[in-house]
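Below: a set of structures, written as structure tokens.
Next come two complexes built around chain A: one with chain B, the other with chain C.
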Partner chain A sequence: MKQTLTQSMAWLHTWGGLVFGWLLFAIFLTGTLAVFDKELDLWMRPEVPAQKVEQSQALQRALEYLQAKHPQAERWNISLPSERSPTLGVSAGNQRRGGGELLNPQTGEPLAVRETAGGGFFFRFHFTLNMPRTLGIWLVGLAAMAMLVALVSGIVIHKKIFKEFFTFRPGKGQRSWLDGHNASAVLLLPFHLMITYTGLVIFLLIYMPAAVDALYGDREAFGRALRGAPVEQQAGRGGEQGARHERAERPRAAPAPLAALGPLLAEAEQQMGPLAGLSIDHPGRSDARIEVRPILGNRIELTKGRSMLFDGVNGAVLRAPAESRPSQLTQRVMAGLHFAQFGGYPMRWLYFLCGLVSSAMIASGLVLFCVKRRRKYASEAPAARRVSHLIEALNLAAVAGLSLACIGLLWANRLLPVELAQRAAWEVNAFFAVWLLSLLHALWRPTLRGWGEQLGLSALLCMALPLLSLLTLPEPWAQPLHQALELTSLALGMALAGLAWRVYRRQEAAPPLPRRGAVMQEAL
Partner chain B sequence: MAIIAPAWWPVVCRILAAIVGGYAFTYACTAALARVLPLPAADAVWVASLPAFALYTLAMLWAFAARSLWRAWWGVALALPLGLLGFWPLLMERLA
Partner chain C sequence: MMTSFFAGLLLAYAGMAALCLGMERHFKQVWQHLPSPGQRQALRLAGWALLAGSFAACVLAWGWAMGPVGWLGQVSLGGFLLLMLLPYWPRLAVLLPVFAAPWLGLVGVIQG
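What follows is the complex of A and B.
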């Protein structure tokens, strides 16, 4: 490998970009969709009524329900309706999320809502690839590092970075793909770098525990040191173990009425901003504790775990919301920049569009790899040609196939019978089945034809999404949110259709790619 | 043709140097940085850890840019003294 710096960086960019590009496209596309995870979630649960209900009113319904159904529970969890999700969720016991029930926030009746993988699927896939959590997180971390390496090596090999900033030569084959790849990469370079680095920073101490290992020995010791562990905090939110221990030793506390929650929530909202929910430990007893959580996105800082603790009987503040020390705040702000919970819908759209450009940049790089190689097809040995064909097929399945699988998940949500057991799992199965089929299709069809067909089908499914709702829902297009999502799908479908049309025209215009037989003859 | 059919051994060697060697270097460097920063421990952890991915990126690029295979492994060679610097109090404890 005796080469110049540019040559070695070009090699690294080309091959590293190819191998991790497939994975990175999947991570970026699902991440882009996950920007609207709650919105997708609501679309996938069409039974949830869209109604604006005051949080205090919804809370009252939740308390009545829990009092009637779980009066003896150790803990009640309530997630309140907020701007992005008009649902009221309740559960009893220790789990904070999942396993609970959705209530109609107006009437307090349980809602019969279809079981679905929901928008959360894209979110989880984005950082775990639907694998066991630890394995997935490390794989995605490795891919993110490859992204950083590809970005920096891309800058090194891209000599005329500012001149080509303004260069685009459409309709010229390889040249256009290179221009497109360069333009989308350079134009949004700050976004690509920011989103990749901040993504890694979310799991900073998992990926790089060196400093914690050196100074504290292990993560738990560090966690204890960070919290400072005042006594009340331990009792309030500390591990379940502590609480269980306490319970076993002490007799059950005497009954006592719950404090009025209205003023309590008002105070929490004043200190932390709009609220997401609360949990009540030991409801109806003298040792009741109320923990109130804000929604993410009241500030840029990622505030997971931030809360206020109140005495559940007299309403006194037991713990004010913790403020991060500046060093940790830096990490949390970086994580928050990735999560994009701040800034409301304009910010979400900005992240969504930037994410689409990032995905397109990765996809154009993958295509460019193949377009460059295609010209050498004729001169390649049969073994190398088979590799080329495999790479072409994987490219097609990774880019067009994944898009097809994503829109396929939404179709599965509408088409699978509502009463199906394990319905959420079947939706996910449908997602992977579509993806697998697209790979088989890609291996079978000639490249350009395969692209045209898969892009065309994705376009069709995206554009027909409003129609699907019309056919499968009793009240289609009733909710503004559903309309917005389906219109967005329509627009994306039109863009995909444009792409498919271009591929189709190219296929008509271009001389057919040399077939295997032709190459054999030439070789002979 | 060099791009299409690389001789396998040097390439594998560099990939390992980049991913494994680069990580070892970054790990040791972060530990050493956390140890020498004149900050309270709770701050030093974040300040030393946050630049880790930039460091790792550079280490990976180095493994591929280095002129010879031996140079590609320099990061690992550096990891040993840096690691000692980062972990010496723990090591002394273990040995004592």
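What follows is the complex of A and C.
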């Protein structure tokens, strides 16, 4: 049978959208939450004191602490409090090994902070799906390709893009779902295309390694080529490496006092914008080097690894911050557009809201699939009915269940005992346990009732989040960022409650769908 | 920055509302009668002008590089908010920018 273009695109959109929709919803929702990863991180570490402290003062505390505890260390790393995160972190030795400590930025005392998966969990889940190695990254890439396919095929099958630009007719069943799905997709099309495409560009070299393999042979050589860049840097880099090289043969350099850091940071800030932290190589010796890093987001470009190098004794600039070459800049600007570190809180909120609408758009597509199918439900063969029910259950678990699991993670953070061993892992276990339970619940309950219950519970947990803090913390609501997060949770909870209420009313009105158990029996 | 950010948002919403009213279907939805051709023309022109104003506000808030990114977000979200309000409270939806403007003035005064 010959099909028209629209028909084949509609088929592609329907089935491709369904199969990848579950995964895409998870990627989009966790990505949306990851927009506020540091804020979530802070919320999940309520022991961090609320007072705001100047960077210079915090730095002084950090230096005193490191001087007292690690005077012989080869390297000190300090991450300074900034607008988004008032924490002061220090570590000695190689930073990659981790194991740093959080200090009270006012007193310089180490903080006993609970172990937690943190807001970083949403960030990592967003692109790894919590899977080992690069498996998750490949799956997410595949889903992103499917998203691009769904967007383009969606544009082809949508006949009245401009005529129905603002059209939404609620309360009309399938019509309303289609309106909502179309309009949210069309109005936010720039965002959908941008976020999906730039997401793929971030892992460009994992997805398409051929060019790197052909040009450089191995990853190491490529990494070296990336690092050793423009000429004005070579001197600084060479000097640094030379210093490292000499160390093996020569005895330690003579002791020398550290340069005053104040003017040095001021200069770095003037050149690079607000600062995130610094590391000091060979502190207290004549070959000391100070590397200062800016926060991400002083420009659109994702400036990971950008820094300025100073002589640690006389404070001279050894290396100015590098500018990216055009090819690198292109990739980094795209990555930056995706990471949304630029433009401050207003931009962050725009990304968050756009992400929520995107997630809702994907969810509405999933629901639409079932609503359409339900109409022919009665005439289906038992086997097809079982498939329908399975799809309905997976939809429910993928959308409402994941929302429940996300808010469940925050509850687990407050409710699990603070001294629990491997607490962070238990929080993640709780997340997946809630998700699994929601799937079982979805398989067990009639569809609409299941939706009502899971949405209702999510709403309740979101709205009760401020209360949870009140019950579990000695000083709830002290931290302004906590207040903002809990108010946002309250607002989202109210939106979810509204949805749950509509589902409940709908369920009262609609003729009951046969229970899943009944269908199973029928099939047997 | 906050003032120009909210000004951009308001102008983006107002622009989308004007463009929406420039369509026969939605004009009728709000005012219960059809627009004259002149009215439609004027509304469309006003809509594009307001969107241009929103663009300018975003460039003021973020500069030439980040401004356009923020502007697209504001126009999209403004349009989406309008979409959600229109069927439930059509008149409020299109008059919202008028009510919101004094608040923007307040933000401006607070921010100085």
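As a convention for this text, the second predicted complex is superposed on the first by the 466 of 524 C-alpha atoms of A that agree within 3 Å, B and C clash if a C-alpha of one lies under 4 Å from a C-alpha of the other, contacts with A are read in each partner's own complex, and residues count from 1 in each chain.
The rule is simple: a residue touches a chain if its C-beta (ideal position, glycine included) is under 8 Å from a C-beta of that chain, and two chains touch if they have at least 3 such contacts.
Keep in mind the model is a prediction, meaning the values are calculated, not measured.
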For A:Y197 in the superposed arrangement: first (chain B), second (chain C), both or neither? first
Of the two partner chains, chain B (first) and chain C (second), which one does A:A183 touch, if any: first, second, both, or neither? second
According to the stated criteria, A:L205 is in contact with first (chain B), second (chain C), both, or neither; which is it? first
Just chain B (first), just chain C (second), both, or neither: which does A:M9 touch? first
Examine A:L353 and indicate which partner it touches, taking first as chain B and second as chain C; both and neither are also allowed. second
Regarding the shared-chain residue A:W138, is it in contact with chain B (first), chain C (second), both, or neither? neither
Mind working out whether A:G343 is in touch with chain B, chain C, both or neither, as first, second, both or neither? second
Quick one: chain B or chain C, who's touching more of chain A? B
Please indicate which partner A:W501 is in contact with in the superposed arrangement: first for chain B, second for chain C, both, or neither. neither
Take the contacts of chain A with chain B and those with chain C, and give the residues found in both. none
Which residues of chain A touch chain C in their complex? 163, 165-170, 183-184, 187-191, 194, 299-300, 337, 342-344, 346-347, 350-351, 353-354, 357
Parts of chain B lying in touch with chain A, wherever the complex brings them together: 2-6, 10-11, 14, 19, 26-35, 39, 41-50, 52-54, 56-58, 60-61, 64-65, 67, 69, 86-87, 90
Looking at the complex, which residues from chain A come into contact with chain B? 1-3, 5, 8-12, 14, 142, 144-145, 148-149, 152-153, 197, 200-201, 204-205, 207-208, 210-217, 222, 225-226, 325-328, 330-331, 334, 376, 384
List of chain C residues in touch with chain A within their complex: 1-2, 5, 16, 20, 23, 25-26, 61-62, 65-66, 69-70, 72-74, 76-77, 79-80, 82-84, 86-88
